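Some structures are shown below for you to check.
Common to both upcoming complexes is chain A, partnered first by chain B, then by chain C.
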Partner chain A sequence: MNIESYKLGEELDSFNYEEVQDGILAILNKGCSAVLDMTSCNYVSSTGLRVLLYSKKIAASKGLKFCLVGMNAEVKDIMNVTGFDSFFDFYNTMEECLSAINN
Partner chain B sequence: MHRVDLFPTHEYQGLKLRPGRPYPFGATVVGNMVNFSVYSRYATDCTLVLFHNREEKPFIEIPFFKEFRLGNVFSMIIFNLDYENIEYGFRMDGPFQPEEGHRFDKSKILLDPYAKLIAGRDVWGQEPNWDSLYQYRARVVFDDFDWEDDLPLETPVNDLIIYEMHVRNFTCGSAANVKHPGTFAGIIEKIPYLKELGVNCVELMPIHEFDEFENSRCSPIDGRQLYNLWGYSNVGFFAPKAAYASSGRFGMQVDELKNLVKKLHANGIEVILDVVFNHTAEGNEQGPYISYRGIDNKTYYMLTPDGYYFNFSGCGNTLNCNNPNVRDMIVESLRYWVTDYHIDGFRFDLAAILGRDQNGNPMSNPPLLESLAHDPILGKTKLIAEAWDAGGLYQVGSFPSWGRWAEWNGKFRDSMRRFLKSDEQVLADVKERIIGSPDLYASQKRGIKASVNFVTAHDGFTLMDLVSYNSKHNEANGEDNRDGENHNNSWNCGWEGECDDAGINRLRHQQVKNAITLLMVSQGIPMVLSGDEMGNSQQGNNNAYCQDNEIAWLDWNNLKKNADIFRYFKQIIKFRRLHKVLRYDEHLSHSDYLGLGYPDFSWHGVKAWQPESGYNNLTAAFMLNGQYTVTESEGVPDDFIYVAMNMHWEMHGFELPQLPQGMAWHIFANTGMDAPEDIFEPGEEPIIDNQHEVLLGPRSIIILVGRKK
Partner chain C sequence: MRLPRIRNIKESLASRISVWIVLTVVVILTGTVFVGNHYVLKSIKLEGNVKAFNALNVVGQRLEAALITVEVAVRNHMSDIRENLNNPDELYRITKMMLEDNPVIVGSAIAFRPNYFPEQGVWFSPYSYREADTIKTKQLGSTEYDYHKMDWYQTTDSLKHSYWSEPYFDKGGGEMLMTTYCYPLMDDDGNIIAVVTADILLDYLTEFMDVEYFIHAYVCMISRKGMFISQSEEGIELEENSIKVAEEAGLYELMEVAQEMIDGKSGMKEWTSPTYGESYIFFVPLQHMGWSIAIICEKYELFKNYNRAALALLTLFILMLVLLTFILRRFIHQLIAPLTEFTLAVDEVAQGNLHATLPEIHSEDEMHNLHHSFSIMQQSLVKQMEELKQVNAAKGRIEGELQAAKDIQLSMLPKTYPPFPDRNDLDIYGQQISAKEVGGDLYDFFILNEKLFFCIGDVSGKGVPAALVMATTLSRFRNVANYEDDLAKIIKSINKATCDGNETMMFITFFIGVLDLTSGSLHYCNAGHNKPFLLSDSITELPAKPDLPLGVSDEASFVVRECTLPAGAMLFLYTDGLTEAMNGQREQFGRQRLIDNLKSGADSQSQIEEMTQAVHQFVGDAPQSDDLTMLTIRYLNQNTTTDNR
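Right, the complex of A and B next:
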């Protein structure tokens, strides 16, 4: 399976969501699974949560993966309390993620 | 096909606009547009005020042009708004003539009555900027939560076991041991506990946005800050309380509450909201402008002929529930909570007010109540009335129901409490309560399902305090102990308040078990007050509406301290859920109409089949025949269940009715025994040696199960 990663900046919200969404869709539209590198990200807004879930649903509709890597504890907590976490696979490192996808 | 009406027609200070759609009211996202719509019958002019999040000054104020008005509705569409980062309000112009009912003031920025997300009180107890021009700030909501296959559960109403709880009280206390105390997320962490207890419905005390700082002050006892903890004072009827969400500081309370409902549903637990449509947080003439007063005072409030506020709620004002437009707002609000939050039911605070006309007079067929009873979206939603108000209207048994409305049965509470304290004048009434209050609900054919039974609720003593205090102790509320109910029908078992007398404490535990037993073996929908299952105390405070501290918070250490009480609650709830014969929805016939040799229900006394045989009106017994639970289409016969109650202070023997051949009496519970002999595992009850008589100790209840040997 072809996999490409996309690196998020410090925040994912209404100011940059279009750019991020386009970037992820560009990967998926090539037929590649996408890994979102969130190691630098310390805030995801309501808009951002929807970018993640939308990406996951588009990936699933294409038979592809969309995984989240390196999410910090506070962002993970936000996903947890709002229930968005239940839709995703989380990995601590890119290696872990790639190995899980390839297996 | 592309729509041709997606282009701006106006531009105002750089924002692109077009006339909006009057309906729905509020702010609605449509593609890259947001439609703002607000109704006011008497306003002459309206301006939309937009802020960037949390900023004091608006970045733009847009007048509703003439072409943006239709009838009495102002509406406009704004294109390409970054709506995650804006807050909006309205300025309304119109007459200020209080004697005519009008209080327009265009210097005020007003909250949208239909706001679905409200910022401004995002973190509980965080002092707001009181100088801010706009305190409770409407935001535009994301309404695309992914529910997957969730829907309201539609549990048959007679199968419900309701747990009345408060979001903060439930998990703020010591030893709650949750990551997010006092929040929706905190409740999610306690779902395994709720399942272990066995309840299948939580009734959340108000979760609509309110201001915990309303009427805040210091306790005269210890100087601690007192808050509006309970929240019976609405700021908005469409928005969840932000500070009840751990993510409220990020404006994510909508998703967090929806996640709670989804998770509870996944565990078979319904959600009922306690809704307060009788008044708002704006108070009387001296109160603040939040929304309704400035949007359309004469529409939203019941006013005296000279323009003052009627006060049937005891809270300063009364929502004008049977004004057609207010009625629509209430219906819209309830539909919204069912549609968007998958809420299973509502308990209406001081619901008698909903049946008063615009002059405050009770109506025989109140249009609002009729609308709700027949509403298509609310068609399977539980509707429960607190069938009285603060203006003296008491409608328990007579609340207009159209076969849809249930009621908090206040008479159940009063009778059972008196029986528990050995009042010799109440047995006849107790018997009515046990069989689902046919005296109240049979004549209108409302059935047993109209009766929500309870011994304790948020108003009044907790169950442990009911058996520990003769009088209320509300000094910490700062009202010289004047607030709260004076007639509690409580008995302290021999000492006022906490004590270390083993005999008194044993009796208190026994009385708690008696109370939950009466509740769980009575026909009707039982409601348990959160914390009673662990013997929670409020130190005698019977009106802890302002005690955001250990007085009102559940002390989870009690789970261990009162382990026998928790175990008893758990088992008796399980017993009720196992036995259909305890959960009829229609009233019983008291006759052998199937020719089975036994009636569906029979009263007994200390002698079998002789209900009149007893002591001082303090002993009684009854038997339910499980064979009657079989319907033509389904089911296997339930067991026989026999309950003997001795509220006398002496021991009495009860002669047992004889069972059909091959069956024997097994003992499920005896509140007079110490744990673990007080209650057994449902389905595994031991057979009793003497099949002809049982001995009941003073103030105890025995439950027997008759089934095959």
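Right, the complex of A and C next:
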């Protein structure tokens, strides 16, 4: 399975969600599974969460995967508070993620 | 229309261009005049030279002509003298005849060599001279007048040909300053018999010294020994030596000139005279007499016509420049006059009159282009202003509609407090402070069968889409809870409805609770929303691990939790607009400040008002970016009254 990653900046909110959304969709539209590298990210707004939801929905409709990698404690907290922690596939490192997808 | 005022040179284009053109003309003309002047001066000098020499030659010729008449008179009588050599008395008659024949001759003698007529003695010299109007004769030689020793006799004797003597004062003879023509009478052996003389007065020669062409000129004639024969200025005695006069006056240049004249040269010298100033000296020899004649004239005299012409030209030149400046200024002014009018028109446009009249341009030049550009600018300004008006109107309409939408949205929320005035077991207060845009926060509550149904939620995103979802969710809550009292089924139903057709993945964090007012038993679900706080003896968050928000997955399951509220306990529900309220330094209000401002025992309204005040204080002047929604429910557990739905 082809996999490509998308590197997220410090924040994912209403100021950059379109750019991120387009970046992830570009990967999925090529027929690749997408990995969102969130190691630099320390804030995700509700608009940002929508991007993640939408990406996951599109990936599922194409039979692809959408995974989140390297989430820090703050973002993880946001995920916990909103109940998304059980919805997305989280991995600590890229290696973990790749081996999980390939298996 | 306002007339253009006279401006100073920096402000006026016409003046600046005129000045540049005039300066260029001045430079070019000055250069031309400078070069031309050089040649003109040269040719004037040359012409002056020619004229001076001509004048001198004319003087010389007239003088020679006069003197030759004297010589001819003498020679004409030579044969007569020879014939009468044996008749001494007859010789007196001959001298007298010479004077009668030529009025210029003032004295004439036939001075015989010593002892030529033994009977007459050593000296014999019949002599005629003029006295008043008569001619007298006498014998001139004597011991007092020993003419054999005189210069003129001895020179003629040694030269053996005729010559004009040096000027001298004829003491004992004519008693005047004179020069004498001496002609030797020779015998067959070539010895002198006698010297025949004819005297003329130097005063007579002065008449010839008047030189044409030069008015203020000094003219002089000197002999071969440098003696003044004639000159035109008073103060210099004739019979003086010119070199000596010059030396005594300290005029060494003149000494050189005098020497060259004595040497029989001709020439021209420049000389600064103490009396005449810058001068030219021209001199030519008179070959026949062996004399030399000179003229000293002022340079000024030579160039006076030129100077006059130059002055006239200069005056004309200046007048032409003034005229040129004037014409240029007028002409350029006329050319650029439309600029002034354009300026006025543009000023008018700037003040808002987009239809200001542009000046009429009839030429096809840059002004025409400018006019074209200006009119295009005008048209496009008018067009853009029109578009701007329309856009503003449309924007105003949309803003008005949004405001109306916001009002409608707010009106969907409970707004009458206290909502249940006849119940004393419940103290409930809700507040939403909207951000500028319409937003997606919601809360609601109602009592049914002694149960309080309440909810609080936050639709993801902002704007009209969020507001629509908010309204829909609110009505679903009311609808579903009205016929269904199982909390799990209620929330599942709302989630299912939200997920249907949710292409844009809008989701809602949602907290829903049902409080049994008779027992204080509370059932609640948390679909991804901020955990509410429970204020009783202590302040705690309601234990509830959040499930997925509404609208994410229609298969999502929601855990229903249960607890019992003690009497006097208060639930504090909020949206993230509270914790994420930002101040000017982009700091968030945060969970800790929230907890710090929670007070056990406070009533619902005052708790919310205090929290609101704390947030406002924290945020300061920073603009509100999100809805701020709070809901407080205080359970008092009093005796129940009637169903007050």
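Here, the second predicted complex is superposed on the first by the 103 of 103 C-alpha atoms of A that agree within 3 Å, B and C clash if a C-alpha of one lies under 4 Å from a C-alpha of the other, contacts with A are read in each partner's own complex, and residues count from 1 in each chain.
The rule we apply is simple: contacts are C-beta pairs under 8 Å (C-beta built on N, C-alpha and C of every residue); 3 or more make two chains touch, one makes a residue touch a chain.
Please read these numbers as outputs of a predicted model, since none were measured by experiment.
In the superposed pair of complexes, A:A34 makes contact with neither chain B nor chain C.
In the superposition on chain A, contact of A:L49 is made with both chain B and chain C.
After overlaying the two complexes on the shared chain, residue contacts for A:L64 are found with neither chain B nor chain C.
When the two complexes are overlaid on their common chain A, residue A:S14 makes contact with chain B and with chain C alike.
Residues common to the contacts of chain A with chain B and with chain C across the two structures: 14, 46-47, 49-50, 53, 80-84, 87. On the side of chain C, the complex with chain A involves touching residues 458, 460-462, 504-507, 509, 526-531, 545-549, 552-553, 576.
Residue ranges of chain B in contact with chain A, taken from their complex: 82-85, 142, 144-146, 179-180, 183-185, 188, 245-247, 250-252, 255-256, 258-259, 262-263.
For chain A in complex with chain C, the residues that touch the partner chain are 14, 46-47, 49-50, 53-54, 57, 80-84, 86-87.
The residues of chain A lying in touch with chain B in their complex are 13-15, 45-47, 49-50, 53, 77-78, 80-84, 87.
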